[in-house]
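In the two complexes below, subunit A is the common chain; its partner is subunit B in one and subunit C in the other.
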Partner chain A sequence: MLFQVAYRNVLRNWKRSLIIILAIASGLWGGIVASAVFFAMTDESVRAALDSRISHVQIHHPDFLESRSMRDGMSDPEGMLETLRLSVRVRAATARVVLEGMASTAETAVGVTIFGINPDQEKDVTTIASKLVEGSYFEDGKEHRAVIGGELARKLGARLRSKVVLSTQDVDGNIVATSVRVVGIFRTESTPFDETAVFVRRQELEKLVGTVDFVHEVAIVLNSPDQLEAATVDLQELFPGLAVQSWKALAPELGYMNDFIGIYLEVFLAIIIFAMLFGITNTMLMSVLDRIREFGVLSAIGMKGGRVFAMIMLESMVLSLTGAVLGIAAGAGTVALLGETGIDLAAFAEGLRGYGYVEQFYPAMPFVFYQHIIIWVLLAAFSASLYPAWKAIRLDPAQAVRTY
Partner chain B sequence: MALIELQNVDKIYDAGSVPVHALKDLTLEIGRGEFTAVVGPSGSGKTTMLNVVGGLDRPTSGTVTLDGKEISHFRRSELVDFRLRHIGFVFQAYNLIPVLTAEENVEFIMLLQGRPKRERRRVVRELLEAVGLGDKMTSHVSELSGGQQQRVAVARALASRPSFVLADEPTANLDSAAASTLLDIMEQLNRERNMTFVFSTHDPRVVDRARRVVRLVDGRLSEDLTRDAR
Partner chain C sequence: MKLYLQLAWRNLWRNKRRTLISVSSVFFAVVLALLMRSMQLGSYEYMIQNVVKLSTGYMQIHADGYWDKRSIDLSFTFTDSMRGALAGVEYVSDVIPRLQTFALAASHEVTRAAMVNGIDPLLEDRMNGLEAKVIRGSYLDPHGRGALISEGLGSHLGLDVGDTLVLYGQGYHGIIAAGKYPVEGIVKFPTPEMNAASVYLALPTAQELYGMPGEVNSASLMIDHPRHQAEVLERVKALVGDGYEVMGWDEMMPDVVQAIEVDNAGGILMLVILYVVIGFGVFGTVMMMTIERRKEFGVLMAVGMHRSRLILTTLTETVFLSLIGVIAGAAASLPIMVYYAKNPIRLTGELAEVMIRFGMDPILPLSMNPGIIGAQMLVVLLLAIISVSYPARVIMNLEPVKAMRA
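Let's look at the complex of A and B:
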């Protein structure tokens, strides 16, 4: 019957109850949609960065990432790839020559990173081939071909089929150069990458710098990306003298984004619910102050403080959960709709790419967050009932009945 | 042994700078089955006396013994429990729970006592029929007249199987017919169930029906008359 009394009391001043229910519902709706947008934007940006550039795990000479020297490479890449293919952890792998250099056209010269790749292997590891906005991905089979980032093309004033001179140091430290023709222009979610990346065939780059089967980077895609740490440890055991690093170590900013997005969302929702707490408290306090005589009578006839508290808490729960259910339903519905249609921020693409964010994404909210919202709301409802309940329990029944 | 026993009870309220001496050395005994009216002018201490007897207020000095238990030093929670199990209250303004129906209002107090549902349902029906509201059981409080609400309040007061019922100005808000009906019912309950009623009242209709009239003036007992003596 306490529950009956509680929900009837909520209906008793239905306008006041409706206002706080709508406030809770709209606050949660906004919070859920904003969280889902932020979550998807971050999650898809991290995934896009891994797919297009970083992959899950990379292997380097222990000094390479520090020195970026062409001498800090790894020999026998085919043997390494063969070993990786035999690992159950690995879905695909590719070996790259990575050299710092210069790309020049008649107009200008720009510092670049030249990747010597095996296009067929690379297709299984990165999505550059699918990010082409012009041209093709080394499909004509001819030599001296390059695929470059869209931003780099813009800076160089280069277009499809333009000639670009790539210069770098050879194995003896001499400056060497080669002329390549642009056959493909790609655009990823990262402007900094698109400004500096040049892909050429590995054998051509090795020939230019005078090395054979000597690579700087092996990029790996795992079968189970969620077992990243365990896989990294396993792969390190396969290559004890080399640096085997997960993407979280290679791109710590993405690692933080990925690890902390959940915490950010929890904090964000907690702040929204914390703000609601004051609204619920205010409503419950008004409700108690309106009914001082009634609480006095209840105390007079023998209702103990614990039951008064339970009744007020139930009222607070009924209000809060009604608002929460409406807010979650509206929020989940909106997220599902946006998850189908997607959000296209093409108008802000330049700015977003500068920070490595994707411009089109599909909002989603992990189910666990909805569970957490319910828990947060229950905690808020409980907290919101404390002060009003304390007021009601501390009433002097004789005075409450006589005065109010 | 008296059911209600006040010994040298003083009650002083700290109302700002001037303390108000509401009850002065009040000694009084009320036996089981009495039908007693406490009368007196406004400010004479009637309501204070009922509050002290009802365990809603503690005396400043003196002792209050109810049904053999000295309650003056009970803790707050003990008083609440004592009220639940031993005292029935009827208030001037009815003070029913507005969101409940007549039967739910009567049942509520038994729920607080933890009595089984079957018993609660039986007692609700019996009491509402006894106060002439057998056909209004499922009516919401707001659908009842003042007289009917006060009869529900009487049924609620009796539902807890109290040792006695305290009624503070029970007829003050009722017209003559409703007041008469209510008094008939309370007299009948007093007679048939030997239920003790103590009223504070200004209402001569109640005084006329009371078998004992206790008059307070300035917090002191000034007159204590039985019907035969009046």
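Let's look at the complex of A and C:
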């Protein structure tokens, strides 16, 4: 009964109701679409970073990440890979030699990280092979070939088939150099990586520095990435003396990026909902003040204060929920549409890549986000109508009927 | 005119409660928008300031093509007369020469590629406070043969103050550059990349290492205020003539500019959404006022008030109402903005870590740019004017007799 009264009251002044419903709906619509865009941008950037560079889990000598020294490596990579292949957690794994060095051409010299890889294994672990903008991924089978980042190529003034001299330190601490030919140039979502990464075949790099079967990094792709922590623990048990770390530990900024955007979006939604709360309070308060006489009459004929209170609360709930349903429907629809077409910020590619953001992405919003919104809106509607409802029952009926 | 103002003002206070409710919604909108915007613009100003100080300066002079190639061969002779001429340009506060290139830095056992910066120690310190970043040993002597190395490089190479650093690399036109330098001091940078691999030498020492006495790769200019950048850029271009490139920081680092543009677009989008919500609130209030006052409008028109004057009165009322909200909002936000511009919020936790990794001190200064307040005022006034379209339509179609009877 009370619900019906509330519902009719909402319809009675439909213009006022429509305005507040539109305010809520448009706010939520904008909020949802903007959040989905920012969320997708971060989420896809993090995934791109994992796919192209970091993978899910990496294994190093415990000192390697700190020292970056060629001596802090791991022997018997084939044995390690064999062990990993037997684990149910692991989808693919690869072992790399990682050396700090310098790349130089006749024009200039640049500090680089040289990765000695097994191209066939690497293809199963990272997406670099599919990120080539020029050339191929060690496909000609010849020796002394290198695949380098696009920014590095630009800095070095190197093109496809250019010769580049790589120098680094060998196992005895002497400086050694080798000349390689650029056969592939790649472009990831991260400019800093593209500025410093050089890939060569592992055997060639080992020969240059005088080691055999001695790697610095084992990168692993998991079967189920959402069981990251459990998998890391499991893998650590397989290699007790080594540092087994998840991407969250390896690249904390990516994890923060995820967390940060989450907080940012919540704050943003809170601001919008706060603004809505004001709209609801204003409208309900005005509606209550306009209807003082009505409330006077209602209580004079015996309606209890509690029921008037509940009626006002219900009215604002009906208003807010209608707005919320409309807003969420419109928002979810727009997000689905954008998710199909995608968003391309190619015009800002340089700035985005400098901070490791992808330039093309497909907005999407996890379902739980919508649940949050509904809870938020209900809470806001509830607290927004407390004061107007309280105001309505505090009026003295006789006074109200007479004065207004 | 005075009459309308008076009339509008009195109308506002006839229903005090309703006016206060509407004013408060504008007030909160302005406070939220101002703080959001001021925080965002503040972070950009801070970011630019940081980038400019720590890397390029407001603009740089290079030999033609240097910025694209970064080749040590693309250098120019930096004479005292050139320095004098540049320093003489109006608004230029400092001219900072540098010779920068990569070389291998080595100790007895370990080698790593490092950025070797040949600098003028005094000028560099004035620009980016390098001396204060020394954590052990002493700062560079302008004429000394010592080296300053970053903390990360020192621990990687196992070098500390008093040890010998070996530099080995490619010099001018491909000659081999090699030299031994005593480590005089260790500097610590917040940026991991800079902290991992930076070497500083006094400019003459670096010039000798690379076999290019008197030559530099870049001369950075600091100016007294960012707003003079375009003007100074033009003058310097005319001054140095052909064979040189003169680039502003925004031209040298388009990625920073774009990152700011993207973020700014996001911020503006959010403000638009906020304002749509607020706009509906203001519109709703104006609508309510109109509906309730149909009778009054009818009476006024019956006694001979022209429709256009009535619209003008309601417009004035709405503008008054919004202005009170805007002014109150600005007055409430301004002290907060001023306070946090002077005493930036110091971030902690994970967000701070991210900022450090991107090379910034983890603080969040608010912008005091008065333009923000002006912009918010304009937007809110615009909303008020749009809202008046409703009463305007009602008044245009009003039939006084019907309205008075209702």
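FYI, the second predicted complex is superposed on the first by the 398 of 404 C-alpha atoms of A that agree within 3 Å, B and C clash if a C-alpha of one lies under 4 Å from a C-alpha of the other, contacts with A are read in each partner's own complex, and residues count from 1 in each chain.
Here, contacts are C-beta pairs under 8 Å (C-beta built on N, C-alpha and C of every residue); 3 or more make two chains touch, one makes a residue touch a chain.
Only a predicted model underlies this, so the values are computations on that prediction, with no experimental measurement involved.
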{"item": "First (subunit B), second (subunit C), both or neither touched by A:Gly305", "value": "first"}
{"item": "Broader residue contact with subunit A after superposition on the shared chain, subunit B or subunit C", "value": "C"}
{"item": "Subunit B versus subunit C as contact partner of A:Ile117, first or second or both or neither", "value": "neither"}
{"item": "First (subunit B), second (subunit C), both or neither touched by A:Phe278", "value": "second"}
{"item": "Which superposed partner A:Ser26 touches (first subunit B, second subunit C, both, neither)", "value": "second"}
{"item": "Subunit B versus subunit C as contact partner of A:Arg293, first or second or both or neither", "value": "first"}
{"item": "Which superposed partner A:Val5 touches (first subunit B, second subunit C, both, neither)", "value": "first"}
{"item": "Partner chain in contact with A:Ile128 - subunit B first, subunit C second, else both or neither", "value": "neither"}
{"item": "Those residues of subunit A which subunit B touches in one complex and subunit C touches in the other", "value": "none"}
{"item": "Residue ranges of subunit A touching subunit B (in the complex, touch as defined)", "value": "1, 4-5, 8-9, 11-12, 293-294, 297-305, 307, 397-398, 401-402"}
{"item": "Contact footprint of subunit A on subunit B as seen in their complex", "value": "47, 51, 54, 56-57, 77, 80-81, 83-85, 89, 91, 93, 95, 97-100, 104, 107-109, 111-113, 156, 160"}
{"item": "Subunit C - residues contacting subunit A, complex", "value": "17-18, 21-22, 24-25, 28-29, 32, 36, 68-73, 101-104, 106, 108-115, 156, 168-170, 174, 193, 197, 254-262, 266, 269-270, 272-274, 276-278, 280-281, 283-285, 287-288, 291-292, 350-351, 353-354, 357-358"}
{"item": "Interfacial residue positions of subunit A with respect to subunit C in the complex", "value": "15-16, 19-20, 22-24, 26-27, 30-31, 34, 38, 67-69, 100-102, 104, 106-112, 154-155, 157, 167-169, 173, 175, 191-192, 252-253, 256-257, 259-260, 268, 271-272, 274-276, 278-279, 282-283, 285-286, 289-290, 345, 348-355"}
